[in-house]
Every structure is written in C-alpha cells, then in structure tokens.
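The following pair of complexes shares a single chain, chain A, combined with chain B in the former and chain C in the latter.
Then we have the complex of A and B:
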C-alpha cells in the first residue's frame, strides 16, 4: 500500500515542475480549442439563433442536413470536385516543380523563392488580385490577354461552368510552392547511393523515378495530400471574396458554393448557428474519414 | 482508456453546461437615467460616414451634457457577424445601424428594443413612406428606423449619346431598347449594363414594380404568378440576351470609363466618378431609370438604426435616435458628408435638396425617391431573397424559362413564409 501511494508522489516530485510549466498552454488549449469545440458539438444538437437560448432537438439538424437540404448536397458536390481537382493537380505540379528546382544553384533557389511567394502573401490580397484579373469587359488582365490573341472577352465570374476551374486555378497557383518545398526536402533525404545502384542495375531515368524516388517520397506525398485535403475542404476566402454577390455567397447559381461558405451563410446570415455547427461536424467527419483512408493507403503501399 | 473516457465525459458535461448558459434574452438592468451615460454606436459603413454621424452625436451631447456618444465603424463585410456575436454575448453597442432589415432580424430574436415605447412613431410623417414601412417589422413593431437612403439612377455618357444623335436619356422601356440599338449602330460595343442588382433580386425589383407587379400582395402572399411579373422578367432577360447587358457586374465608374454608354448604378457612384476617373469629367450625367408600362418606380434601400435590448441606457439611446431626425442633426450630418464627399441621402425627403450631390443630381434623386418603393417587409423574405435571385439567374442564363423560374421563386417565398 505504501509503495502504491509513493509512486504518484514520486512522479509528482519528478515531473511537477514540468506539469506546472505546461499549465498556461493547457489553459489556453482548453479555453480556446477544447471548450469551443465541445460547445459547437452541443450546439449541433440544438436550434440556436445566436440571440435566444439554444433549444435541444436531438439529431434533427443532422437529419435535415443529410436528407432534406439540396443546397448542402450541392455544396458537398462542388467541394468534392474542387478538392479532387485542386489536390490532384496541386500535388502533381508541386512534385514537378520540386524535381525541376531541387538543386542548390542560385537559379534553382530563385525559382523556389518565386514559387513559394504566394504561400507567404496575404490570402485576401491574393484573392483581390484574382478578382481584378478576372474583371469583366476589357478591364481585367485575363480579358486583355484574350484580346491580344484575338479572342473575345469572357464573363469569367458570371459563367457558372468556369467557377470551379477558376477556384482550382487560384488554389493550385497559391499552394504548389508550399508543396514544392516539402518535396524538395523529401528529395534531398534520398541517398544518392540508391540511384547509383539503380543505374548499375540498368534502370533508366523513368525507372529510377518510379522505383526509387516515388516510393521514398511516399511519407511526403501523404503529408502533402492530407494537408491539401484539409485545406481544400475548408476553402472560404476564395469563394467569399471573388464570387460572393450582394445576396448570395456562392456566386451565380451557387456554382461556387462550398461547405464552409455555406456554413458561414447559415450561421451568420440566416441565424442558424445550431445548424451551422452540425455542418461543421459533418465536415470534420468527412475530413477525418478521408485522412484515415489516405493514411491507410499509404501504409498499404508501404507493405507491398 | 478509463482516463480518456472520463475526460471526454467531463468535456461533454462542460459543453452542455456551457451551451445551456449561452445567451438568453433576460432584461438588462438599466442604469440610473440621470447618471452620466457613455453610449456606443456601431455604425456599418466607412470611417467617413461614422465621422459624419459623430457630428450629430456631438450636437446631442451639447444639449445633454451627461450623455456621451461614440460612433465606431463596422465594415460591411463582417458587420453582420460582429453584431450577431454582440447579441449572443449580450454585450456590445447601445445603438446599431446596418442593412434595412437587420434591426428587424435582430429584433424578432429579442436583440432590439421596440422603439414605439419611446415615441418613435412621431417621426414617421417625416420619413419616406415606403422606406419607413420597409424598416418596420411585419407585426408593426419598430425595432429600427431609416438612417439614410440609397437609390438607383441611370448613369449615361453624354458624349456617346451625342455621337449616336441621341438628344436625351430614355424615359421608357421602349426608348431604352431603341437607344441601345442606336448606340450600337454608332459603334458602342456595350451600350448598357447594370451595376447595382445585376443578376440579383434588386435588379428585378425595378422592372417588376415598373411593370405594375410586386413580390407580395398587401397581405403578404407571394405574387409572382402575374402577367406583370412575367413581362418584367422577360424584359430583363432581353436586356441581357438580346441587347448585350453583361451578366458579370462592372462597377458604374469602370463601366462608363470602358465606354459603356448607360449604366443602372447606385447613388453613391455620383460623387466618386470624377475622382476615380478624371477623364470622365463632363462626359456623364444621371437621369431617373426609364419607366415601365405601369410606373417609374425605383428601388429604395438604405440603412436602419435602432437600440439594442442589452443596452444599459435604452432611454437615452432611444432619445438620441429620435434626435437624428431633427433639422440640426440632419444638417450637421449633411454638412460633414459634403466636407468628406460622402453620398449621403438623409432619411427625410424634404432634406434631399441639401444633400452633398450637385443641385442637378440632388433634384434627380429627390424625384426618384418620391415614387420609390422599398424591399418587401413580409415574413420570410430575408430567408428567400438569395434563392429567389437564383431563379432569376437561371432564367437569364437560359437554364429555366420565365414561367418556371417565377413559379420556383414563388415556391421558395411560400415555404419561408411559414
């Protein structure tokens, strides 16, 4: 019995100071992350307009969201399309850039800096720039470029079929520099001996890339894809700044409506904070499930 | 495992407790009416507008030395979210101003004071009737009153009109389409565009009322199944698809600068064009929107101002809101707006002649406002507006015919009417 009580005391003596030093962080973590998260979970089961006290209504928000809400389904479809295109193209281009500029020469460093710049620039400033580029008439840069090549001016932001391609373009352009830096770091960890051995065995450039580079970059690819997925599912500024109309957050015919802008619209313009919380938790579950699938695929490929 | 379960349970219990404690609309204890009161007004708009309203606040303080009022700016983009956060926590400003229906939205949820208890109705006679009606809740409760007005006019390039041999701006729908043809023949690539309300319900509002229709009947039943509603939508579609009005929105000043001959634009553009596009000086002017077969009606918007229910100084705040309609307050705001080049139209039609525009432009706006109409104040309209606009977009972009689009829009309005 004496040894049983001595263990916690001993542990406290040994780690007490460390626990005390962790307290400020734990306080902030609990206050600004755990508490709001737990609160939003509770609110997702309520009818809450932000002013009156929330009314508990069980799973009603989730039922309505999954079975009755056409606009949510539309936002979900748009978001999946956007995520697949932006993460797929973004990852491929990041890898391509990393392979092209992984050296330590000045031209390579300069190119890496140029491609990385959008990642350290204010996203709001970037979105305003894109809005100006796609300005209608002859005023915007995109239409000016069209006229140089004899094309006609396009109404970029009011053509529903162009909305997701434009959003993907903005996302890929803004994010591929960050992915490139991660891939460059990954490439530099691959020992040169592997390539030498592959060459001795008669492997060409493509085989070296396929059999050495790609498998050894798998952890980086998993990281780039998972963080890309999370970021893409949470897209907001691009839709809000570039496509929002006076009364419609998702652009013309909701062609750019994504899950997070829809969540914002429900919570902050329609006073449905309980419903918006339910959307947030559905989004969390989607991202969680996809990340798990991605990690499993990564692990399975490693075992092959 | 046991510890994880315990921690999860604790977090959930805490969340339930916290959630249950969130908000509520209990009465806020009022401060002593004779004690000094520091009132805060969150004004949605720009810093210059806040500075103009501060002049009225300072005047009020002069006659009520124990009341000080500080006007703080909320940017349009995040104002609604900030006001909602303030209402949720029941702490924040004593007075708020923002979109015309915001005070109703917050009021219906217990976030605003019914100003009728403070004699606000005496101001109704001074206001534009349609705008006042739009600011008042459907059940007659007055959570907010108009703070200013905004409206729409036809901006047109006089030089391009001269080149096309046009002596005056179009006065009717027929003249508008005829002028578009003449301007096209004279070499104008895009003769007409809409800035405010392009592909939105506000754009349709003008055509609908000009055709003699309305969104709702007087007893708030959706009324988009009328020949007038069809005529208005068909005309609007033609302007885009037959007469080349851009579906993408170009701001009024950019449009005129790019050589678009006629633009439907908000009144706020009238003070900015010469500054932002100096080349346009002397080449443009404004006129009322061309009238439809039934009326010349144009949309009137603006901002509403009201007192929050969580204010500790409701009596003083309500008294100040009333003060905003006095001659001295309106004159002070107008004078400061002139000094700062802000397109302020006072909520009192009798004062529009003194507004910061040129006398000619002020006269045009005064005429438009006389016959103007405001947003429907019927239950469910705010929830319906964006979905209704989408039906119009579908019709303009050729994805739905006129009858289907109107029927779908009416369905949305019926569903949200409760």
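Then we have the complex of A and C:
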C-alpha cells in the first residue's frame, strides 16, 4: 500500500517541474491542434451549420464530395494542374538560378537577393500588385507590354484559359528564389575534389553536371519538390485576391477554383461547416501522403 | 496558425558567401556570361513588378489610367498616403482619399500596422518561450513519456493547418474571441516546427553546462531562463525570422476571425480595400498600402540577415 502511494508522489516530486514546464506548450498544442483535428474529423461526418448542433450523417459528406460535387472535382483538377506546373517549372528555374549565381562575388549576391525578394515581401501586397499589373485596361502593365510587341489588350483575369497559367506564373515568380537558396546551399556541400576527379577522367562540363552535380543534389531536389508540392496544394491568397468575383470565389467559370478556396467558400461563405471539414480532411490525406513519400525517399536515400 | 513550414524550416541567407566557387564550371568567362544571360534577363522580370508598384504609389490619380502609362511619375505626389485636398463633401475626381484616410478607424491605416505589430511581437515572443521550455525538458530532463510527446509533435508537422480551421473557428466563437487580439495570438503559440528546431539545436549543447548549474543549486526555471535561453540565442533568432515573416503576412486565419475594421491586420485590411475600392483611380492608394505592408518585413529581413547564421544551415539535407 505504502509503495503504491509513494511511487506517484516521488515521481511527482522528481518530475513535477518538468511536467509544469511542458504544460504551456502541450496545453496549447492539445487545445488548438490535437483536439481541433479530432473534432474536424468528427464534423466531417456531420451536417453542421455552426448554429444548430452537428447532425451525424455518416459518410454522406464524402460521398457527395467525391461523386456528386462537380465544383469539387473541378477544384481538384485545377489544383493538380497548378501544383504540377508550378512545382515543375519552379524547381527547374531554381536549379538553373543556383547554378548561375552560386558564387560569392557581389553580382551573384545581388542577383540572389533580387530573386529572393518576393519571399520576404507581403504576399497580399504582391497579389494586389499582380491584379493591378493584369488590369484589363490598356494602361495596365501587362497590356502595355502587349502593345510593345504588336498585340492587343487582353482581359487577363476574365479569360478562363489564362487563369491557371497566370496562377502558375505568380507562383513561380514568387517561389523560385527560395528554391534557388536551397540549391545554392546544396551545391556548396559538394566537395570540389569530385569535379577535379571527374575532369581528370575526361568529363566535360555537361558530364560533370550529369554525373556529379545532379546525383549529389538529389536530397535537395526531393526537399524542394516535396515542400513545394505541399505549399502549392494549400494555395489560397492568389485565388482569393486576384481572381475572386463578387459572388464567386473561383473566378470566371470557377477557372481558378482550388481546394483551400473551396473549403473557405463552403465553410465561411455558405456556412456548411461539416462539408468544409470533409474537404479539409481530403486535403489532409493528400498532404499526409506527400509527407510519407518524403520520409520514404529520405530513408531510401540514406540506405544508398 | 501561420504558414508553418511543413518540414524543418531552412535558415537561409541568400546574400551569404558560399564556401567555394560555383560548381557549374564556366566561371566568369564570356561563355559563362552567355550561359547566364537568360537569368540576367529573368531578373528584369523580377524587378519590373516591384518598380511598377513603386511608381504607382507616387502617381496622382489622373496619371494612373493614362495610355501609354508613364514610367517615371510626371507629377510625383504623396496623396496616395494622405490627400490634403480630399473633402468628403466636395467630390473632385482628381482628389481621392489616401490610404490613411480610407478607413473610418482611429489612425487610419496606422491602426492596422499597430495591430499587425502587436500580434506579430506577441506570437513571436510567446511561441519562442513556450517552445524553448518544452524543448529544454524534452532534451535535458529524463521525464517518462518525452519520446512519445516529441514524436506526436513531429508527426503533427505533416498536418496542413487548414484542417483545424473549422473547429478552431468554433472554439474562438464559443470563447468570444472572434475579433480580439487573443483570437489571433493564443491559437498560434504552439508551433511544432519551432519546437523541433530547438530540440535539434539543444541536442548539440553539452549536458555538463546544465549539470554544473544544477550542482550550484540553480532551480530548473532559473536554468531555463539564465542558461538555456542564452545558449539558444542563435536558434531563437533564426526561428524568429520565420515567425515574424509568417505572422506579419498571415491572412486566412485573420480573415476568418476578424469582423470589425478596427481589429484587422494589414493583410485583411488590404484585402478589404481590394473589394471596397475597385477601379484604376484607387490603385495608387492600394499600392501605397502594399508598400507599407512590405517595407517592414523586407527591412526586418535585411537587418537580421546576419543572424540567419553564416552561410546556410540546412537541417533537412544532412541525412
């Protein structure tokens, strides 16, 4: 009996302060992350308008989402197209920039700072700037540039076929400097001796790049691609600021509708909070799968 | 609550000098410059939008929708910030409200800058304090369950935070925290990526330092405050850059919890401006707001660039 009561007390005396010090983080973590996560899973099985109590309806939200909801299918298609294009182009340009400007001379440093600038600029300000640049009037910067090349003014933001390309352009423009910085870091971990050895074996510039640089940059590439994919799946501001119409979040004909904007639209414009939670869980599963791929690739690389 | 990096954040200084020469070969020969030419041209497309923003800010209303546009403001003006000629009773197409006159709140746009400042500072300081406490316990105390706790926190980095959006909104509403500072701040304090980074950093700090203090009779809270925090300084500085940039620019969460104009942060205020005032004649003031939003975060980054550690710390790449 005595040992039973003594053990916890002793344990408390020994670790009490430790648990107390963990408490602020763990309390906030549990209250605003773990519990909401579980709660959103529950809500995804309910009909919930935010006023009346949630009404359990099983898998109905997911069934509707995956089989009946054309807008969601459209949002998924747009998102995948956008993600693949922006990450693909962005990663290639990041690598190119890193190869071009990895030196320590001041022109290289200035170039790196210029390309990195959007990463530290207010993203809403940048989105408003793009909206102004793509102004449909002939005085907009994009349309002025069109006239220089003999073109005509274009309704950039009201042409459905241009929506995804413009979103990709904004994403690549804003993100390639970040990838470049990661690639520069990766390049600088490659020992110079490897290149010397390759040269002695008669390898030209291209062969050195193919046989030395690229393979050794593989962990960086994995990191840039996976974090890029995860970030791109969560795109919201570009759609909300640049393409949102008066009563439609996705722009003309939903041409810019994506997962998170649709989540916002269903949850906080139409107050279908249960349905929005189901969308949130689809997003969660996509990103979780990507993270797992990231872990697996990382582990596989370590075993090489 | 912000755009937390899903994996370990990378602390980077784009202007830092790398250890050695570029790997691509070519160097500074004419061939090297030729190969770089497309990228030099690409840098013009980086500068052009920023330049367009800058000149728009200083153009008078009548110059904003001129065709062809002027590429140097012909009549530079500060009216887009504050227009002394504007009068609410007399409509004059040449005079519109500047950004500081657009909102009917005390101090105009200054109010949003103040809100953003309060929120950013509170979240940065608060999240670093709670994470450093937890990181200290996890790395230097042998408490039962610490591995499980750490694993859980690391696993949470794979969760997109938007998944918690709806329940957190409901929590805020039930607590009466919509439209309040605590609604911005409290849910954003427990940042898994910060804890993860600090734990990794503390692993490299020898236990002897802490043992010595313990032998000298220092309590755990004092050890944390007087030994651990100073030791963590480079890591805290690096993390603060990420937190400050993310919180200063945070948008989706504020968009959901803010109702009044008074409680808007800069991004929400700019988004409202964007929907209240359409039309080219308003773009001068909107770009002025964008400039006011961007300058502090650019200045902050440039000022603390050196704290980004020399060169680049790439915790994700060593494996």
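We take it that the second predicted complex is superposed on the first by the 269 of 304 C-alpha atoms of A that agree within 3 Å, B and C clash if a C-alpha of one lies under 4 Å from a C-alpha of the other, contacts with A are read in each partner's own complex, and residues count from 1 in each chain.
Throughout what follows, contacts are C-beta pairs under 8 Å (C-beta built on N, C-alpha and C of every residue); 3 or more make two chains touch, one makes a residue touch a chain.
Predicted model, so just to flag it, every value in this text is computed and none were measured.
**Student:** Using the overlay on chain A, decide if chain B and chain C clash or can fit next to each other.
**Tutor:** clash
**Student:** Now for A:35: first (chain B), second (chain C), both, or neither, which partner does it touch?
**Tutor:** After superposition on chain A, A:35 lies in contact with both partners, chain B and chain C.
**Student:** First (chain B), second (chain C), both or neither: which does A:49 touch?
**Tutor:** first
**Student:** For chain A, which side has the bigger count of touched residues, chain B or chain C?
**Tutor:** Touching more of chain A: C.
**Student:** A:139 in the overlay: touching chain B, chain C, both, or neither? Say first, second, both or neither.
**Tutor:** both
**Student:** So, does A:201 touch the first partner chain B, the second partner chain C, both, or neither?
**Tutor:** neither
**Student:** Scan A:252 for contacts with chain B and chain C and give back first, second, both or neither.
**Tutor:** Only chain B is touched by A:252; chain C is not.
**Student:** Quick check on the superposed pair: does A:21 touch chain B, chain C, both, or neither? Answer first, second, both or neither.
**Tutor:** second
**Student:** Figure out whether A:283 sits in contact with chain B (first) or chain C (second), or with both, or with neither.
**Tutor:** A:283: touches chain C, not chain B.
**Student:** Tell me the contact category for A:100 with respect to chain B and chain C: first, second, both or neither.
**Tutor:** second
**Student:** Any idea which of 2-10, 38-46, 92-100 or 290-298 of chain C is the one running into chain B?
**Tutor:** 92-100
**Student:** Of the residues on chain A, which ones does chain B touch that chain C also touches?
**Tutor:** Shared contact residues on chain A (touching chain B in one complex, chain C in the other): 34-35, 39, 43, 50, 135, 137-139, 268, 273.
**Student:** Inside the complex, what are the residues of chain A that reach chain C?
**Tutor:** Touch residues, chain A against chain C: 11, 15, 17-19, 21-22, 24-26, 28-29, 31-37, 39-40, 43, 50, 93, 96-97, 99-105, 108-118, 120-126, 128-133, 135, 137-139, 141, 144, 147, 173, 177, 180-182, 184-190, 192, 195, 205, 208-209, 212-213, 219-220, 223, 226-227, 230-231, 233-234, 236-237, 240-241, 260, 263-264, 267-268, 273, 276-277, 280-281, 283-284, 287-288, 291-292, 294, 298, 301-302.
**Student:** Which residues of chain C touch chain A in their complex?
**Tutor:** Answer in residue numbers: 1, 3, 5-7, 10, 12-15, 17-26, 28, 35-36, 39-40, 42-43, 45-50, 52-53, 56, 64-69, 129-131, 133-134, 136-138, 141, 143-144, 149, 152-153, 156-160, 162-171, 173, 186-187, 189-190, 192, 195, 219-221, 224, 245, 248-249, 251-252, 255-256, 266-267, 270-271, 274, 280, 283, 286-287, 289-291, 293-294, 297-298, 300-301, 311-312, 314, 316-317, 319.
**Student:** Using the touch definition up top, name the residues of chain B that touch chain A in the complex.
**Tutor:** 11-12, 14-16, 18-20, 22-25, 80-81, 84-85, 87-88, 105-106, 109-111, 190, 197, 199-202, 246-250, 254-255, 258, 260, 383, 385-386, 389-390, 393-394, 397, 399
**Student:** Help me check something: in the complex, which residues belonging to chain A touch chain B?
**Tutor:** 34-35, 38-39, 41-43, 46, 48-54, 135-139, 155-160, 245-249, 252-254, 268-271, 273
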